[in-house]
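There are structures below to look over.
Both complexes below contain subunit A, partnered by subunit B and then by subunit C.
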Partner chain A sequence: MSTAKDSRFGTPEILFGLSVAVLVIVVAVPMLLIFFNAFWVDGHFNVADVVKVLRHPETYKALGNSLVLSVGVTITGTIVGTFFAWLVTRTDLPFKKSMKLLFLVPFMLPAFIGALAWKMLLSPRAGYINRFFMDVLGFDGPIFDIYTYAGIILVETMYLFPFVFIQVSGALERMDPTLEESARISGADLFTITRKITIPLVLPSILSGALLIMLYSMAHFGTVAVLGIETGIYNIPTLIYEKIHQSAGSFDSIRTATVLATVLVITAALILWLQNKVLSKGRYQIIAGKSFRPTELKLRGLRVPLFVFCLLYIGFTIVLPTATIFMVGGLKTYGLPFTAENLTLANYNHILFEWDLTRDAIWNSISLGLSSALVTMFAGVVISYVIVKMKVRGKGILEFLGMLPFSVPGSVIALGVILAWSGKFGVNLYNTVWIILLAYIARYMAFSLKANSAALEQVHDSLVEAARASGATMAQALRDIVIPLVRPGMIAAFFLIFLPALRELTVSVLLYGPTTRTIGVAIYTLNEDGETVYSAALAGIALVIIVLGEVLIKRLVTGKNNS
Partner chain B sequence: MAYIELNQVTKRFGEVVAVNQLDLSIAQGECVAMLGPSGCGKTTTLRMVAGFEDLDDGEIRVGDKLISSKREKYYLPPEQRNFGMVFQAFAVWPHLSVFENVAFPLRVRKLPKAEIVARTEEALKHTNLLTAAAGSPDDLSGGGKQRVALARALAIRPDVMLLDEPLSSLDPHFREEMRFEIKDLQRRFGFSILYVTHDQSEAMALSDRILVMRSGLVQQVGTPLEVYGSPANRFVFEFIGLSCFLQAGLSPAGMSIDGVAHPWPAGVVPPDELVAAGSGLLAARPTEIDFVSERGVRGEVVRKAYLGETIDYRVMVGQAEVRVQKTRRVAGPAVGEFCGLDFLRPHWYPVD
Partner chain C sequence: MRSMKMLSLLTVSLLLGGLSLGASAQQKLFVYTSMKESMIGELKTAFVKKHPEIKLDFQSAGAGKLMAKIAAERESGKILADVLWTSEVPDFYQMKSQNLLMQYVPTEIKSLLNPLPDYDGSFTAVRLGTLGIAYNTRLIKEAPKTWADLQKPMFKGAYGIANPALSGTAYMSVAVLSKTFGWSYFEALRANGAKMGKGSGQVVDDTASGDLLASLAVDYITLDKVDKGATLALVYPPEMLVIPSPIAIIKNSPNAEAAKKFVDFVLSKDGQTIIANEGTLPVRADVKIPERYKLPPVDEAVKRAMKIDYQQIMAEKEATIKKFTDIMQK
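Right after this comes the complex of A and B.
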């Protein structure tokens, strides 16, 4: 008995040690280097210098812009998301189920591709809509300039409102309908009930969705980079990008970037802390026991107009930009009208089969997505196993390190990876795909830990104990009992990482080298270089890959549930 | 005399007829319980009275006022019906204090401030909630939350109180206490109660009359004693209280079970139409069967279980099993023994 124990002695410690090593190398070191570089000058702790950086107009303007933009997007996104959530859950709107799915579509479309489309439609001089109004209808100037704060806020709202929409429609659907019925029988009309009962009860969900929008918008690179640069609107991530790219490694630029990154991390931490507080304090027990469908508000005369409004919204925010991307991608030259003789498939052919830059980008994104998803999935299982099932001291550190990148914006992770892996410590991965892979692993580890921990928590200890009692070794029990039971969690983790990695821009745009562009980077740089048509064509191909991927997953997941 | 009247009330959900031509009248101050298995249409009926569901046929009146009518396409919205209602899942609002929960119906009626305070406090006093008034209902137990719901329903001084399984989310021990509290409040304020439950003892204890429903159809309406003592059909017999059934062949000469002739149970003769039909169902309560040494229906004891005060026997009569319950003071037969069964108050129903 004691010998058997001796031979296994150390297994948990070895697993624990390995997990810590992975997380320290991938997550902790880069993060610490950011703070170190921000506050440490010439071997001295130096706050005065940080203040100097912050007082530079360029820096505080970017901070102000980040604040203005994210607050603006949060307000509009929350209003739009709450309104549509209420519409599809609480009224007799026609085709509610399909409408609900359609409102979730913007979630899978990358915002920067949307920004690109809106630039083509509404840039003040060349945008198709503006030109239509000026050339055909004889307007004096553009009807809307997308290169403004309002433009950026509108475009981000279109892609970020689902955060609130999902939270609020979920809460409204789960809410016990008798909470509202008891208000009705108490004598309150539907307007009073909405104001005094429904909205206050789902307020925690509204706030928590709003804070997610804020967190995301604060750290968002793509839309501001596409729409803001022209008129000098920078936010923190775009300024970090600008600094790193101009710098060619200059110390001052990197320091400015690390200070900006520090501000971003602190803001993000603050937002997440607030969200946590809202969720833990304010979440009421409003889940239904026995459920009758809640009374639907009869929209009566407004039913058709609101339905048309929803269709117009979807047409305007999903169909129009997507169609624009594909149409522009087929143009012989940017700016030509959309007539049959101006449209060609040559661009798509060139991008897919002839041009190394774009072919590399597609290949890079797919291989990076696959490998980061695979590595993170397996590492996530091991680390989750240690966190959930093993009784090792200090596993709290693992959980903290693993979840940390969830609250850390992508540009910060990229910056940390640059500081750690560009030769300072003897390893120079700069300009290789490996540095992007490392950053992706750090960025997506939290997704994998969440999915895998949830799956592992479902596997009761007694299942493993029963296997051991039946004569299986620990390894056999893991292989035959635990792994098959957590496989759905692992598959979920894989796709939760693969799809976002496929369309990633914020991280890779800071790390790419001449041959290591990702799809996102290629679309972005082609657009920067004025190759609008190729940029659009590649964006179109990216959209096709993303949609195919989403459909494939839905198939896989529902197929699994049916069998 | 009838205060609430349901005439030919019908509700369909797609192909399913949830409530079929239901007639019911409730007097002022009367408590009527609707009893039945889940899905029988009792909750749907209550929700039609409350105004949450429209009718597919028929009408509902309260006092002289029409409140729902299919023919006139008239539905008074729930908020204008002035009913009190208590739900199974409490439905107290967690974002409002206990006081504000109870004051809500008064506030939406825009009563003067002083009156709101006075009436809220009165309702809280009658439900023993005065000390909890400032707190959140989330800090109360299930019974406490249900008292908040009751107080909220009382605050408007309703003439009609609708209770939708108000006790089934409570611990058994609270349940009995709350039964008495509801009954007390009714005596004090004199409102009529329409009560939905699937718990027969609750219905028995609380109500003046019970309406038994099955698949949307009324099976029987009567006092608890009538429903228990003279069930209208086999379903009601089986649904209320313990029961056992014996299928018997009937002829003017006597009865037979699985081909074996047995004497008639003493004193109770099956109705002529069953004798003419040649078969019938003998229904009995297990406590209303005696062991006799002579006469009686012959059977073999196959199981005997001590349940404390009572002893539970399973007796096989032919292929059918009869359950008998006797107090432990009666010396009954042992397992394996043959015995005679005398049915004290049997009922006869047609075979389905």
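Right after this comes the complex of A and C.
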């Protein structure tokens, strides 16, 4: 296995050229085509049409909705995330370690499946919770209507707050406790310490988590599509979906969609710019090292109530919706009460073994997830190697191109690949899985670059130099020295991509063809077609696959580290 | 070693992905249809049993989505569909005028009832879809009798119509109802809080759950759920909505021979029996509709049906959808 052939391959220029080629083809061309199509009509530059689209009430209503929803989710998600982060790091809450893990579970649940479950629980007339209040407790009307802005914000908050939770609990743990201690010794009370020391120190983490929520929510398709469309609440991604799928698909509507996409990109860019500003201002070097364990606040009388509150929160946001999905998935038809004679395993059987559509979807999602994760993992190593280790000019372009899709909403990437790969330039991948694969590679490349660059930065140049000095070729040095050392980064990249790809909806819903539905698309379209029980059953199966995947990965990664 | 393993895994997964696209020993046939799984699934099973040499795939989605798909495919140079079968009749006239459909007169044309004017074999009606009012029997004790009953306070905020941009039957119904009763009919519905839903199946499912009390509903979708135990009933006002669902073969289809066999099959006595058993009206007089569905007989339905001027509604399609959407989202 180790007899590598000695070849010219491996010179920095070739690697660089290859990396650029990959990124240009996968990322740059589709993105450029969006702007090109938005502003270039029939061979000349055209702003009038763009303005026309922008002045359409639909457009600014969608933009307004996107903003209202994402700001709402950002505020509530930040409050929830910060509160729980503080609770599990800075107080004597019982079972803090396990609680911390539990608060990360919502990250595993796709938000649109959550939305589906909450529709079943809280739709005004038929939602199980509302019906319980009306039929059993005799309320006059529903206690909560999920088909509202508040409903959408609530659901998104439940599944997005971990963005803030992770950032803030990390910062609170890393924070040097001596600062707080010295304040306490100088006689400051807890309130003053929190206000003057703790909050300013973690503020950058809170803000960067908050902006992540905002970025995500802004570009989020599933929840709004499931809960908003019927009451006329739509955001930009759902409007793009409508343009692509409903308006007879003429090129005009694709063009309108490119303008909407441009609006979305600009908004996302603004959010990122803000984030950069916040982060560069907030460089508090005081957060460093893990020196001491911070003092814990004694919750005293509140200890048990708060613990119960956390459990209730988790039960309410994770257990209840998940159970609902599985139960509805077992109903003979939607709307029947949950009694033994109405429950059946037939739906699960039909979906797993009989129905081409759902079997295809499961297979497509798994193979797309694996392929995109593998491709981006390897491409990511090479590209990060060029960025981090090589001294070639223009590598800044590489970094920019690679990270670009991170800030670009999924719907925009999907539109870009439609424009690039549906026959206009000699390659027609429309209706095939390849077009989805290309979009996934573009979308997830940034994850791989982040994980791999971080790993590569810790590999000192002298190791490769030593290998080269001892006569190894570049390829050998890479294979025998660099790859083994960055393997953890590569594995991390793999899973960072595989799991999100498995449950992806926003991109594939714009790209799927007759046999290339993904799990997300199948669940969504089944719900749209009124096959609620099948869509719930498939969602249940998807949850099982996701959780199994997650567990398997933890096993693999920790097992690897131990050996 | 490990990376080699991963590399091979990559190759294998890509290969398999490729295989799933490229396996083509049999004749292939792709049907784009707005019929739901319950109907097209049955037909597929029976068809494949009769013609094992043909590999049949279908895409089941709302007519609006299918047309968007076909338009995009035309743009990209290759229409994947061999056969199109929806209820959005104007689309067929449109495609015929654009010379996109192959003429094929089914072998058993003599036994078929033809509701479509200017018949030339470009497309043939497969079923006579009826739409009525589906209501939740758990919550509504007195069945609505007329279209105007839905404007009563009893249905306030709880009557749903599918999105005509998505669903062909919803589009046809909106076009026909607005011609018969005027747009004021929909304005009054909206004033009573009527909602525009998503697909034609989704409004029925929402009625079954009680989220809606009633909806404008397609016959077989509703009756399929009734069979499964849903607390639903389907009623027809005196002026009936009878919408033919035509089938057509796409011109220059490389699988035209298989496509012809499929068209002949769905129009054969066997095919039509499956269709009638799902709870919709067949186009053959020699096929019986199961009693339990209580569907009106074909001749009665045709007599009660509101008249449809296909040429006119084709010309007004975009405007109709826009007008309806504007009213419902006000």
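Heads up, the rule we're going with is that the second predicted complex is superposed on the first by the 547 of 563 C-alpha atoms of A that agree within 3 Å, B and C clash if a C-alpha of one lies under 4 Å from a C-alpha of the other, contacts with A are read in each partner's own complex, and residues count from 1 in each chain.
One rule holds for everything that comes next: contacts are C-beta pairs under 8 Å (C-beta built on N, C-alpha and C of every residue); 3 or more make two chains touch, one makes a residue touch a chain.
Predicted model, so just to flag it, every value in this text is computed and none were measured.
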item: Partners on subunit A (subunit B, subunit C) - clash or fit; value: fit
item: Touched partner set for A:487, first subunit B, second subunit C, both or neither; value: second
item: Partner contacting more residues of subunit A (subunit B vs subunit C); value: C
item: First, second, both or neither for A:340, with subunit B first and subunit C second; value: neither
item: Touching partner for A:188 - first (subunit B), second (subunit C), both, neither; value: first
item: First, second, both or neither for A:176, with subunit B first and subunit C second; value: first
item: Contacts of A:200 with subunit B and subunit C, given as first, second, both or neither; value: first
item: Overlay on chain A, subunit C to subunit B nearest C-alpha distance, Å; value: 44
item: Shared subunit A contacts, counted only where both subunit B and subunit C touch the same residue; value: none
item: Subunit A-facing residues of subunit B, complex; value: 43, 47, 50-52, 77-85, 87-89, 91-95, 104-105, 108-109, 138, 149, 152, 156, 162, 169
item: Parts of subunit C lying in touch with subunit A, wherever the complex brings them together; value: 1-4, 6-7, 9-10, 13-14, 16-17, 20-21, 30, 32, 36-37, 41, 57-62, 64-65, 67-73, 75-78, 80, 136, 158, 163, 165-166, 195-206, 208-213, 221, 225, 228-231, 329
item: Complex interface listing, subunit A residues touching subunit C; value: 1, 123-127, 131, 229-232, 242, 244-251, 254, 332-336, 342, 355-357, 363, 367-368, 370-371, 374-375, 377-378, 418, 422-424, 428, 430-434, 437, 479, 483, 487, 513-515, 525, 527-532
item: Parts of subunit A lying in touch with subunit B, wherever the complex brings them together; value: 176, 178-179, 181-189, 192, 196-197, 200-201, 203, 284-286, 288-290, 292, 295
